[in-house]
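Chain nomenclature is as follows: A, B, C and D, assigned in order of appearance, with residue numbering initiated at 1 for each chain independently.
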Amino acid sequence: MKPFKALLTASTFLGAATAASATDLEVTHWWTSGGEAAAVAEFAKAFDASGHKWVDGAIAGGGSTARPIMISRITGGDPMGATQFNHGRQAEELVEAGLVRDLTDLAEAEGWRDVIAAPSLLESCTLDGKIYCVPINIHSWQWLWLSNKAFEDAGIPVPTNWDEFVAAAPKLREAGKVPLAMGGQPWQRKGAFDVLMNALGGKDLTLKVYQDKDAEVAAGPEVAKIFAAAADAREMAEGSNVQDWNQATNMVITDQAGGQIMGDWAQGEFQVAGEVAGEDYTCLPGLGVNEIISTDGDAFYFPVLDDEEQSKAQEDLASVMFNATTQVAFNLKKGSLPIRKDVDLNAANDCMKKGLDILLEGGVVTSVNQLITPDTNTQIEGLMTEFFSDKNITPEDAQARFAEIIASAE
Amino acid sequence: MAEAGLIDHTDAAAGSHSRALEGPRGARPRRVLSRRNIILYGTLFVVAVYYLLPLYVMIVTSLKGMPEIRLGNVFSPPVEITFEPWVKAWATACTGLNCDGLSRGFWNSVRITIPSVVLSIAIASVNGYALANWRFKGANLFFTILIVGAFIPYQVMLYPIVIILREMGIYGTLTGLVLVHSVFGMPILTLLFRNYFTSVPEELFKAARVDGAGFWGIYFKIMLPMSLPIFVVAMILQVTGIWNDFLFGVVYTKPDIYPMTVQLNNIVNSVQGVKEYNVNMAATLLTGLVPLVVYFVSGKLFVRGIAAGAVKG
Amino acid sequence: MPSARPSQLFRNLNAKIASIPMILTAVVVFLGGTIWTVVYSFTNSKLLPRMRWVGFDQYERLWDTNRWLISIENLAIFGVLSLIFSMVIGFLLAALLDQKIRFEDTFRTIFLYPFALSFIVTGLIWQWLLNPDFGVQSVVRSLGFDGFNFDPLYNADIVIYGILIAALWQGTGLVMCLMLAGLRGIDEDIWKAARIDGIPMWKTYLFIVIPMMRPVLITALVIVATGIVKVYDLVVAQTGGGPGIASEVPAKYVYDMMFLSQNLGQGFAASTMMLLTVIIVVVPWAYLEFGGKGKRHG
Amino acid sequence: MASVSVRNLDLSFGDVKVLQNLNLDIEKGEFLVLLGSSGCGKSTLLNCIAGLLDITDGQIFISEHNVTWEQPKDRGIGMVFQSYALYPQMTVEGNLAFGLKNARVPRDEIKKRIARAAQLLHIEPLLKRKPAQLSGGQRQRVAIGRALVRDVDVFLFDEPLSNLDAKLRAELRVEIKRLHHELENTTMIYVTHDQIEAMTLADRIAIMRAGAIQQLADPATIYNKPYNKYVAGFIGSPSINFIDGTLEAASDPVFKAGETKVDLSRYAFSGNGPKPGPVTFGIRPEHIFMDKAAVDEPFRANVEVDVVEPMGADTLVWSKLNGHELRFRVDGQTPLKKGDRVKVGFDPARASIFDAETEMRL
């Protein structure tokens, strides 16, 4: 009965987001920084306009604080209406356990597959041919953000790629700047490493290591180069005593640091601070070396609810999130790329347009999160955290341990 | 002149007696600045500074504007006192889309804390009483498990408890959270009450039994009225613990009953651009206000109660 | 006619009924939860608990993991030091306050108030005070001591001591209170006797008073020790385990494994190791203390 | 008709046997004292009778009812404790009324009984006070009153006077005795370690040691004819003189210790008559006389004074009789000093002789 009913409601709903009876729907997420909050407000606005009520369940502290709460609530039998997860394999088991709602009917009715920007986005929502989540944005990790003013202060031109940036580091030091801002959290360090691998090693190397889990390659000379670059980064990051990524971004915004390797979400922070791309800061996708971006990003999952009205509201929300207008509004604020290719992004700034171009040209590399399990991910995070904070660990040692982790990965 | 006369008089009195009475007489002189006092008060003062410094920094910072925080050092008093951080922390700080600061969580915390404190103390005091006065077979085994349980990190128990609450059908409800608090407060509180009731003279208990009072009669009519101090201790410990709890509050409830600490975490961890240290400090102080007041008001009773409950084992 | 012999089950019936919450907690929550955890530590459960047996795999991996080893080492250092220091400082403060001093209430309140604050708050404050850029180090440097270095939270070798400072700040007040209560319970005559015998004060404390305070010492020990095993919030708030993994602790490893890595099996294996340690240390003591026969008979 | 009967009572805590096969019958209206040094099991026995301790084996009857498994409140007993055990948060009146309220006695009846008890114990002015406002003696009166109002047949006293000073103790002792006379049919069981209390109060005394009753008899018998050496040594202050030696019964029985020989022809041997062998000879200090008073005594000897302890009314003299220590009592006015040699004498009929091995009276 359920799929049928879902189909029914979906079809009556198509196109117009009215006529629905008002239902409160609790949405949990961990978007609490300035740009993130502004973006999520767009969803809330659109959902409220459809006659329902968005009950905001933001939990600060990032995914590591929020995720256990979300999982506990879903498994504890008190699920929320909808919840954020990252793309990838995080929610796999929840789906397998039948706790997450099947959205296939809605997706087919609305023709998601036809308008999706990259097929991999829907694929990561799919299990056994059924769609279980709404991808809402594309985030790419492979960006280098540079402070124009900082380089001006140091009396050198703004670099155009990673190597120039490394070369400029001593001058920045002289000018009393930290060349590379880097937060202390493990995911930031591991992220930076992956970016180095994507950009300096290229797509093939990334896939060999993370998709094929080829331990030989991981121990080989190509990856050794990446570790050498990471050692450079380690040196350049010395003196950035911050934890959160946006604090590190803030160092770039306030010109205390030369640059930061960070995903495109950092753009939201520049925007909130009133900085203009090209004038105040420079963005280099693929570190200016290898212009590829990954399709990381967020997705929303809808736990199975007993209440019929709420179930219907869930569908409405899913539809609102996928809707072209909300996609634009949301992603402009969030600083990420929309998941639809049929949207107009004239309002986007230079950096976003750069990203969009690369995306449409197919310069896409699969997100590492989709290739490895969270478990392997944290193992590598642990290694990178150690590596970046302890200069006594040589790149060679670190690489050896890296190869071991890859060898044992599932 | 009267004074001089007095001195004369004593001199005369001393002179009229034999030389054997010379030497110390009267009250031993007490010097305020004795070496002992200097060391004693000096040490206490230095230690007090170590304890007070963080509070001082918090208060001072919460009264400064952001520009001043960036420039000055943390210990300097505010040049311009502003209460805006406090207002912001209480009423307008944002988490996600909700911009009503801590105010929302305050009443939730009250709603969580009061029943949890009452229930946990009620259970633990009865446990302690049963253990101290009505030893039945196996009681000590359960108590030992309980005490060992006190050492188990909460994180370990998160999952099993989710399952237990789910099976009981009270996951995500206030009842569930109150139960969880009672369960985790039980080991230490039971230990305290057990020790306290053990120190009550056993003859009193025997007299009451001869007088025909039963289990509950003795508990309510004899033991309870005698145990105010230990109840104060238990209350202080529980109010503090439950009010400050974050983990259980966030995992076992839902947003409309999130306690204040969840909001605090949200405010402190949602960094919108620069970290607003002044707002964070104000929020921190606001959240800690209830337990702090409880301590300042009942500190004396606390020591007395501890003396009653913990000294004798 | 003798009344019917009450069966063993119904003796002290009311006491047993009243103890049902305790029995349920002990058996269902603590014992049940523990067994459940141990059982699932032999599976390769990921996000959700599942019965897929892998034997001792999780344990092998656990003891192969650098982070776990560092966590254990940190807990050992932190545990031993915080036990020693909180007991010693707590006792010294209590002894100082017991000298019939003026303003005793004020001093006691000052030493005790941090206990009212949560570990999260404690961690935040001390993270800030120990931040080299605007905390103690920068203040001392601005006073003209340029070479002054004090950045425990950013130095992997000493970060655990930075956490210790905060932990002691928060916890010694309670220990002091317990000790003070213990000292107040000592018979005045003991002091008189010691004075007449000419025993120096420190000797009286060390050889006479402290042995007499055994129960209070045990209570304090239990409270401090339970806190040590559970230390988590403080580390998360103060250092997040950093720099690198220098200040990781077992409870954080458990939590991260369960919810960050989505590797429940590994998290359960780590919990089981923690439980095992606790049981080895605590159970013999708890049994001696509470499990034996009652002390009072007619 | 026994008021309280204890039959074959056993009590053990785990492996430790505290009371073993103990039997005791107490008559209605009798005042029985359980006497012994601390740890002898006397309080334990009392607690068993009260029902505060569950026994391991045996039976207990109170007023012909088998109360072995009854709750304390249902046994028809009242109890008074050493530490008074007054409920600190209740007034005196509240303390007295508590048990009655639990038993759902009507209000006027409670009032009547409290009034009567208060009058008997002279505590009427104290009724509205709290225990903390009372002196030790007043507290114990209230504690007795609490047993009194229960209107029961059996009173249990657990060292009720031990926490009081000597003067109060003497006063209350008399008061308890008076109370016993007034409540004719009330059985009282009284635990104490104080032999004066035992001797003055008791109709019968049970002397206990290591969980067993050594002797159960009236005070005079206990004093004059102690059943064994332990009882002899325990009762009497200053305590009895013991001299180790041998009993020779060739013709007339004679006690021999070194050069000292005591003719025992006047001694009333129990049962089988004199049995030769090693024995202990016991004679109480107050049965030894000095100088002129000793002249008529059957046994006489010279002793050397060692220590003199004047106690006012009389003086205790420690002396040496052929190397054996011998204490005796003389009038307080007798001038004596260390080194004096005096003549003493006693009647061997008043002595007690114990088998050295079994320590039983011969």
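Assume a contact is a pair of C-beta atoms (placed from the backbone, for glycine too) under 8 Å apart; a residue touches a chain by one contact, two chains touch by 3 or more.
Just so it is clear, the structure is predicted and the values come from calculations on it, not from any experiment.
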| message | Taking touch as defined above, what minimum step count separates subunit A and subunit C? | response | 1
| query | Can you name the chain that lies farthest from subunit D, using the mean of each chain's Cα atoms as its centre? | reply | A
| Centrality ranking, top chain (CA atoms only) | C
| remark: Greatest number of touching C-beta pairs links chains B-C
| remark: Expressed in whole Å, how far the mean CA point of subunit B lies from that of subunit C is 16
| note | Between subunit C and subunit D, the Cα-mean centres are separated in Å by 54
| said: What's the distance between the Cα centroids of subunit A and subunit D, rounded to whole Å? | reply: 90
| remark: Whole-Å distance, C-alpha centre of subunit A to that of subunit B, is 43
| message | Among all residues of subunit A, which ones touch two or more of the remaining chains? | response | 68, 75
| said: If I count partner chains per residue in subunit D, which residues reach a count of at least 2? | reply: 47, 52
| task | Indicate the residues of subunit C shared as contacts by at least two other chains. | result | 11, 255, 258
| subunit B to subunit A touching residues, read off their complex | 94-98, 158-159, 162-163, 165-166, 169, 171-172, 250-252, 254-256, 262, 265-275
| message | Per the contact definition, I'd like the list of subunit B residues that touch subunit C in the complex. | response | 40-41, 43-44, 47-48, 50-55, 57-58, 73-75, 123, 126-127, 129-131, 134-137, 139-161, 163-164, 182-183, 186, 188, 190-192, 195, 202, 214-216, 240, 244-247, 261, 264-265, 268, 277, 280, 284, 287-288, 291-292, 294-296, 299-300, 302-304, 306-307, 310-313
| Of all residues in subunit D, those that touch subunit B in their complex | 47, 50-52, 71-74, 77-79, 81-89, 98-99, 102-103, 143, 146, 150, 158
| query | What part of subunit C is in contact with subunit B in the complex they form? | reply | 8, 11-12, 14-16, 18-19, 21-23, 25-34, 36-37, 49, 93, 96-97, 99, 101, 105, 107-121, 124-126, 128-129, 134-135, 138-139, 142, 169, 173, 177-178, 180-182, 184-185, 213-216, 218-220, 222-223, 225-226, 229-230, 232-233, 250-251, 254-255, 258, 264, 271, 274-275, 278-279, 282-283, 286-287, 289-292, 294, 296
| Across the complex, what residues on subunit C touch subunit A? | 46-48, 65-67, 131-133, 154, 156, 240-246, 255-263, 266
